[in-house]
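For reference, the structure is listed below as structure tokens.
Chain IDs A, B, C and D follow the sequence of writing; residue 1 opens each chain.
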Amino acid sequence: MVRVEFLGPIQKDPLELDITNLNELAVLLQKDKELAEWLTNSAVAVNDTIVSSLDVALKDGDKISLLPPVCGG
Amino acid sequence: MVRVEFLGPIQKDPLELDITNLNELAVLLQKDKELAEWLTNSAVAVNDTIVSSLDVALKDGDKISLLPPVCGG
Amino acid sequence: MLSLYDGALDVPKILKEWYEAEATSNYGAYIPFVGTVRSEDGIDGLSFDIYEPILESWYKAWEEKAAQKGAIIKMAHSRGDVMLHESSYIAAVFSPKRRIALEFIDAFVEDFKASAPIWKYDLKNGERVYAKDRSTAIRGSGILGAKQ
Amino acid sequence: MLSLYDGALDVPKILKEWYEAEATSNYGAYIPFVGTVRSEDGIDGLSFDIYEPILESWYKAWEEKAAQKGAIIKMAHSRGDVMLHESSYIAAVFSPKRRIALEFIDAFVEDFKASAPIWKYDLKNGERVYAKDRSTAIRGSGILGAKQ
């Protein structure tokens, strides 16, 4: 199982999913219409490291975070 | 008479000179060998405004300042 | 040093602590950048969410960039609500020479704005509204939105 | 505001006074640049001469440039001796937005270094030696040296 967290303004509870890579995650999340815009403008971190492609294998216990557009300061 | 002041590290007392323009001042100061280097690297102000050429007429009571290389901060 | 505070920053106190902490470190230049909540669009204040694990790794990478130039950085940021004319952000650089400090503070603050995992909300009429229009997508965003 | 002090600056006090003076002026960005005397070449400290009439007109021109961008500046500098690890210079900009503040502090500090009528001396072995090699001729210098 991997855990998926939605950060900042994305109003969605964490998910526990049985997936092995980020492509599977994309397919699953794209079924949720409320996430559509967030998927196009959020960055993705695996175990707190931002990744730049979906070619990432996942293992049991991994944490995935969606980071929507930021504005610190 | 105009007054000529030497600022910062130029170790020279002020002069009171009877001149009518900066060209005359250049001729006079160039006779002082100790000033030779300062004349090449100092800026010139007339009544506290820096000037960019010698084509400046002087009148009685004007103040001329020589400003050697600076390093504030 | 990265410090997070609940609510507004005590700017004079933080600037003084940082200055005194490096008083004998032989840095010739100290440049803090202080961000303060402005009155605009009728807001009462701002509010911030921070995701600390990634903020810390982002900050650590900037510490290393600073070290390569013989410089150090410090940063403070608010969590939660910060009202009008209060300050929520200080970033600072200390370096031996001024050019490095002037260039570094600019790059550090700009990358903070573009990359640090902090989300801003307007406090207005008792609501907390995501400042979507002023927010920036982190580089590499959108990969989950591409059609599979 | 241009403030000249005999000897070292009380940096925390000045940064606090400036911050508090503009606390409700609705500036989003405050960037002070602090210059501190570094230990190098065996000096005991630095010493400064200032020619105030031209410093004031130079400063006034920068105040006007700042006003054109909706910003304000403040500056403090030491006269006379400032010892190792003490500070002699603070320049600051306040502006509504960060880009203007970041660009302005850089231009303001660099022009200060190139143009402000202040002369620096090393304090070393009880002597006060003009820091000739670190000094910059003001733009337009040398006109009196040209052969007539």
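Simple rule for what comes next: a contact is a pair of C-beta atoms (placed from the backbone, for glycine too) under 8 Å apart; a residue touches a chain by one contact, two chains touch by 3 or more.
Source: prediction; values computed, not measured.
Taking the mean Cα position of each chain as its centre, A sits at the greatest distance from chain D. Chain B and chain D have centres, each the mean of its CA atoms, that are 24 Å apart. For the pair chain A and chain B, the distance between mean C-alpha positions equals 71 Å. Distance between chain centres (mean CA atoms), chain B to chain C: 49 Å. Multi-chain contact residues of chain C (touching two or more other chains) are listed as 35, 98, 109, 113.
Looking at chain B, residues 73 sit in touch with two or more other chains.
Going by the touch rule set out above, the chain pairs that meet are A-C, B-D, C-D.
Against chain C, the residues of chain A that register as touching in their complex are 7-9, 22-23, 25-27, 29-30, 36, 39-45, 48-54, 65-73. Contact residues of chain C toward chain D in the complex are 11-12, 15-16, 19-20, 23-24, 26-39, 85, 96, 98, 101-102, 105-106, 109-110, 113.
The touching residues of chain C, counted against chain A in their complex, run 35, 48-51, 53-54, 57, 77, 88-89, 109, 112-121, 130-132, 134-148.
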